[in-house]
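Chain nomenclature is as follows: A, B, C and D, assigned in order of appearance, with residue numbering initiated at 1 for each chain independently.
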Amino acid sequence: MKPEGKKRIWAEYQKEIPDDHFFYVRSCIRQTFFAGSEQYFLKILRDDLGKDVYEDPRHTTCTGIGYHGDVVPFETIQAVVARHFALATEAGYKHIAISCVTSFGIYSEILETWKHFPETLERTREDLYKATGRTFEVPETISHTSDIIYKFRDEIARKAKYNLIDIATGKPLKVVEHIGCHYSKMFPKYGVGGAEFPHVLVGMIESWGGDIIDYPERRHCCGFGFRQYLVQANRGYSLFASRKKFESMEPYRPDMIIANCPGCTMFMDRWQYTIKEIEGITYGSDERGIPVLTYEEVAGLILGYNPWELGLQYHNVQSLQLLRKMGIKADPAERFLAKDGSRLPEPANLING
Amino acid sequence: MKGTPQHVIIAGGGVAGIEAAGTLADLGYRVTLVEKGDEPGGHILQWHALFPDRRPAGEVKSYLRKRIEHRNINIITRTTVEKIRHHGGGVAVNLSGGTEEKADAVIVATGFELFDARRKEEYGYGIYDNVITSAELEEMFNRNRIVKADGTVPSRIGLIHCVGSRDEKVNNNHCSKVCCVTAVKQAIEIRKMLPSCEVFCFYMDMRMYGPYYEELYREAQEFHNVNFIRGKVSEASVNINNRLVIKVEDTLAGRPLRMELDIMVLMVGMEMAGSGMKLAEASGMKRGINRFLETTDHHYGNNLSSIKGVFYAGTCTAPMNITDTISHARAAVAETVRYLNGK
Amino acid sequence: MSIDQANKFGFTINRSRLIDYDASDRKVRDYITAREPSFRLCFACGGCTAACTAGHHTTFNLRRMNTYIRRGEIDPLREEVTRCMLCGKCLLVCPRGVNTRNVVAVAAEAIRKLDRNEL
Amino acid sequence: MNSDLFVIPFNLGLYFILIYSVVRSTIWFRNLSRPDKLRLQRGFFGKPFMDSLKEIFMESLLHRKIFRKNPVLGYMHMSLAFGWFLLIVFGTIEADFFGEKHLNPPSHAIFFRWFNPDHGTEGLAKLYGFWMDLILAFILSGLLLAMVKRFIPGMMGMKKTTKHTWTDRIALISLWLIFPSRLMAESFTCGAHGSGSFLTGTLGSALASFLPAAEIAPFFWWLYSLSLGTFFFLLPVSRYFHIPVELLLIFMRNSGITTGDRHSSYTEVQTHACSSCGVCISVCQMSYAAGINDIQSAYLVKGLRNDRDIAAITANCLMCGRCEEVCPVGIELGPMRLIERRQGEREDRRLRFTERYELTRRRSTIEKEPTQSYGYLTREEPEHAEVLFFAGCMTHLTPSVIVAMKKIMESAGVRYRFMDEKGGVCCGRPLMLAGRDKEARELINHNSDIIWKSGARILVTSCPICYKVFRESYYLEAQVMHHSEFINLLIEEGSLRLGYLHRRVVYHDPCELGRGSGIYDEPRAVISYVAELQSAVQEGSMSLCCGGSLGNLTLSSGKRAVIAADAARTLTIASPDELITACPLCKKTFAQATETKVSDIAELVAAALPKQVASRSKKRPARHPAKASGNG
């Protein structure tokens, strides 16, 4: 591997990520499955980095799942996205921070469409106005939330209480990064580092002390794919795609996977359990599974937040070994305690629980 | 011809430029050959052996060298022609370095550039250790040593056709014509040097268009056991053993295929040379959608520019092999002479 | 995998369609190439398949079968090879002079030996 | 008499070979199938026995067939075989008649001169002695020729001789020594005693004039006995074993036993009856045209006899049948080779018992052995037809033949159905040629079903390969005709009006039609009716193979082309206008090999049809050629 080659590509794919004042649009599934990730993203930005992030309660789903599931037409989704832009315009924001990779892909697609076919923009303005009476300005930038963490990765590193380093050996942790397909495969210039060698997560891992694993199926889809997952009969494809990735990364003995897409995190985590049930195979060293973390969770860990506050216990693959390696003291017994100290029911079928 | 011989400037000292210069000089014209490199010769200088008969490139190189040992030819190296413009009844050219040269006609022979393989990011050229170009493989032949980056001997080599050719994604829809036969030639050479090394050619179509090219292809299959897989490689990565892993559809089986390689050779295609593009820009010479120079008619005017007194020779107009380049250069001379006689 | 496990989720893991060249075995190819060297000459024009008497009735495809042999894909080959009628019509069509009929005959022989652990 | 001890080697050898022959014959007999045993038993008391004696005399002793083919070679064989026979017969008579006793052990007849050194100086005995010397001279002249043939094969018009094993060599040396040593032994004895006739007497007296003949004589008698004994001992393991086995083969064949389709005592007898004469090699196109000299029938048989791996030999043969045609012993070489092609037949047979057991055990664990399987074929419901036309797979690659046949049949008003118009199912013959009879049976059943259901009275095919299998392996009510036969029938019936083409043509007999099915005359009759038929250099039963044969599984296209070119050259030596054949495969093969125009017989006939075919055939009422089929 020639690092200078990658650096050259990264240099070619640099995008403008604003410094402050974000209009935040959330993800349907991240806030549901990894509520801590979203919460800590906002918290880190606001409290640790002192940024202004605006949330509007009137913001809705982007309908991306419906769009990719062939039930929402392109005109409709343009109008929905335009409405988000209208909310941002009304609040005086020009930079959109998008939590979901699917949404990010849709925003990119719509902006590109408007750029190449200005008549569609006009049509959308008309549609939105007729439907809601709103008008909007096209935002100056769109950033995926991982872009924003990427931008501030060194600042986070400076404030770090922990690093992606095995404290017992002093060696960097071996980290697999997984980028959601819609982050940059459709429009490489919208992603940090492009599509073939994305830098967005690599940059974070490098800044926080970890080692990147470049394994053969790195580019491969996690298997989510809306039509694959939504139709039960098709889930075998989804599962197959994830397994292909696990088998490819397995020889490297990774300590964790970091993903920037809510769907990918979800499926790479849950399918490990399903594969264990169907084939009896558990991946990871000592068959403890490979923890799949969001970059927000990792940033939170680095900054010293409580793993159970971050919501690590709500992953199917538990991260106890990983936390130990990083030197983070967290009592497993406290994983499922409610705020008042009472015990919550423990999820069944945890890997490495 | 009477009086002082007429003067022709040739922009570019590759195969076409040299052949045009030699022919013009033989006919008694005064020629100035402007070459941007240290010496005339062009791409062939790096080549080890030529298709289809795998003759040593040196034979053609020495032919070309002799071709310009002529008192009528003045060679200017490390110089490019920046601009061509009309001057009186003839033409004048601006050379890099600020000088100007006048002539009765100009032959543009600025040639081609090899596709920059880094533009096919998914192949990881410049990133993975053992991804090389066909030109680099040729240099290995010159050194008589085919080895991986770590110095070990490869046991499997893949040659990827159409890198930078027939690919909208890199803005090249044209076929570079010579890469298929080059791949077959190189495959045979690898097999001869390393008999225990498996060789695979990944092709979209086998375009064996020239005489004895198809025979070479057959020879590769019959006697050298070169494997051919029809399909365009989509991407390359490395595995834990630092072996390349490629993905391709085996279109004849209708199924995806994955294979490990020790060395991946990218058969880089031909593109219009950057210097030629600049010259065209500055001088108002038209270019086609493939970015090569556009001739007035691609059947019977394929040496003619739309500018009076300016003629084209060789691969600045389209990808071609050495044989065709030499013929094209001679034809350019014929057109030039016809023009000069009519003046 | 038991039926219970399949029922547990309502789906299973799909089988790979990938030809994993490094995982497959080319003993059959080597056996055939040694006995019928003209096999190497196939350039997959499909003339054999177009002429094929059996191919008129079933999915038998000699051109594809040759590809399977070369890639070491034995399972599909095992099915394919049984369908040929050995009529030899393909021999008359092949532009590369591949002894196509013998390729099938030797392939069947190779598979028989492979299954008997005699290859 | 102590010096009589020299007879011991001879006696041992003789009794050994007699006992061996009886034991071996018994084993072979026991291993025969029940029907074959019955055939043999019946044959022993009937005409077959007499036929066999006659054949043995004509072929095994006189070597009539070889004589006809090659007189010098025939004389060589005859002098050795018939001469030796005469020597034994007349030697025994001499011993019984002139000897001390009237019933003697064989050694007394063989070594008569030793026991009766002074015999034959006058009267009848002298005349008889002259006769015996003449026989010996006859044999020695043959032996001389044999030696010449051995060292200079070309002199005998023989191209190649099979290679000898070391037992063959010793047997050969001992055989060669027998008669010279007898000559020397008798001559020395006669020389010492002043007896002997023109050969032994003359040579004897000459030798005795300067040598101590009486002292030297025993040495040659020992040599004579030893060489006889050695020869007898080596006989079962040498190529000369064919001499006694051939007698058995003749008898078995005359009793009606045939090779069939599996290995049996009869194939073993045939294996041992081969004299490795090499005639099969000389006529083999693979040898003289393509330079392949290790696959001929002699090598096949030798491989079988010596239990070698002959898979490569077995597969690499055109199956043209020329060797079988010339085999002086009459071995069924084609069927023998086909048996060897059957899957696994031979490789399993070569295994030792324990290995075979182990293999069977291991194989029983394999769920499914891959065999050809045509379960995908769907049953067809053909329309009724008087005449069913089956073009055949290959004919679909020569559409001109199909068009010609259509024209001919329409012109003759034949009501026919085109069975494989939209592509049919292979006849099964190619599978049989590849040794896969079981799978062929599946296709045969499929096609038979269609033919039966069509109710056709005549099945016409354009392909000799199909023709052979239709005739031999299908059970059909319909009469099977090759299109050349059918066209001939139409001409004879008067249903075809044909003009005369002023062309000189030569006809090539396709292997499967000519030697394979015995159809030589009909095509010639048809051709002569419409054009001038030249005769070919090699035709009829010795016609050449085009080289394209499906009988060969492994022959490369390059070698096929060489054979085709050679055959085409031979056929067109008299510069005909056209080379006519009756097989699509031959047509396609020759078309690539010669400048001469190559046509199928149907195309030739179609060219001779009057021009306005279509309108005439409509007016004419449909005819029923099946009526005339009785004369086929």
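Note that in this section contacts are C-beta pairs under 8 Å (C-beta built on N, C-alpha and C of every residue); 3 or more make two chains touch, one makes a residue touch a chain.
Keep in mind it's a predicted model, so treat the numbers as computed, not measured.
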Chains touching both subunit A and subunit B: C
Of all other chains, the one whose Cα centre sits farthest from subunit C: A
Interface ranked first by C-beta contact pairs: C-D
Centrality ranking, top chain (CA atoms only): C
Centroid spacing, where centroids are CA-atom means, of subunit A and subunit D in whole angstrom: 83
Between subunit C and subunit D, centroid-to-centroid distance (C-alpha), Å: 38
Subunit B and subunit D, separation of their C-alpha mean positions in angstrom: 65
Set of subunit B residues in contact with two or more other chains: 258
Set of subunit C residues in contact with two or more other chains: none
Listing of all chain pairs that touch each other, if any do: A-B, A-C, B-C, C-D
Residues of subunit B that touch subunit C when the two form their complex: 206, 217-218, 221-222, 225, 227-228, 230, 250, 252-260
Of subunit C, residues touching subunit D in the complex: 35-36, 38, 51, 53-54, 56-58, 78, 81-89, 91-94, 97-99, 101-102, 105, 108-109, 111-112, 115-117
Touching residues (chain side subunit D, partner subunit C) in the complex: 315, 343-344, 359, 362-363, 366, 369-374, 376-378, 393-394, 396-397, 422-426, 430-431, 434, 436, 443, 548, 550, 553-558, 585, 588
Touching residues (chain side subunit C, partner subunit A) in the complex: 1, 5-6, 8-16
Interfacial residue positions of subunit C with respect to subunit B in the complex: 17-22, 37, 40-41, 43-44, 63-64, 67-68, 70-71, 73, 96
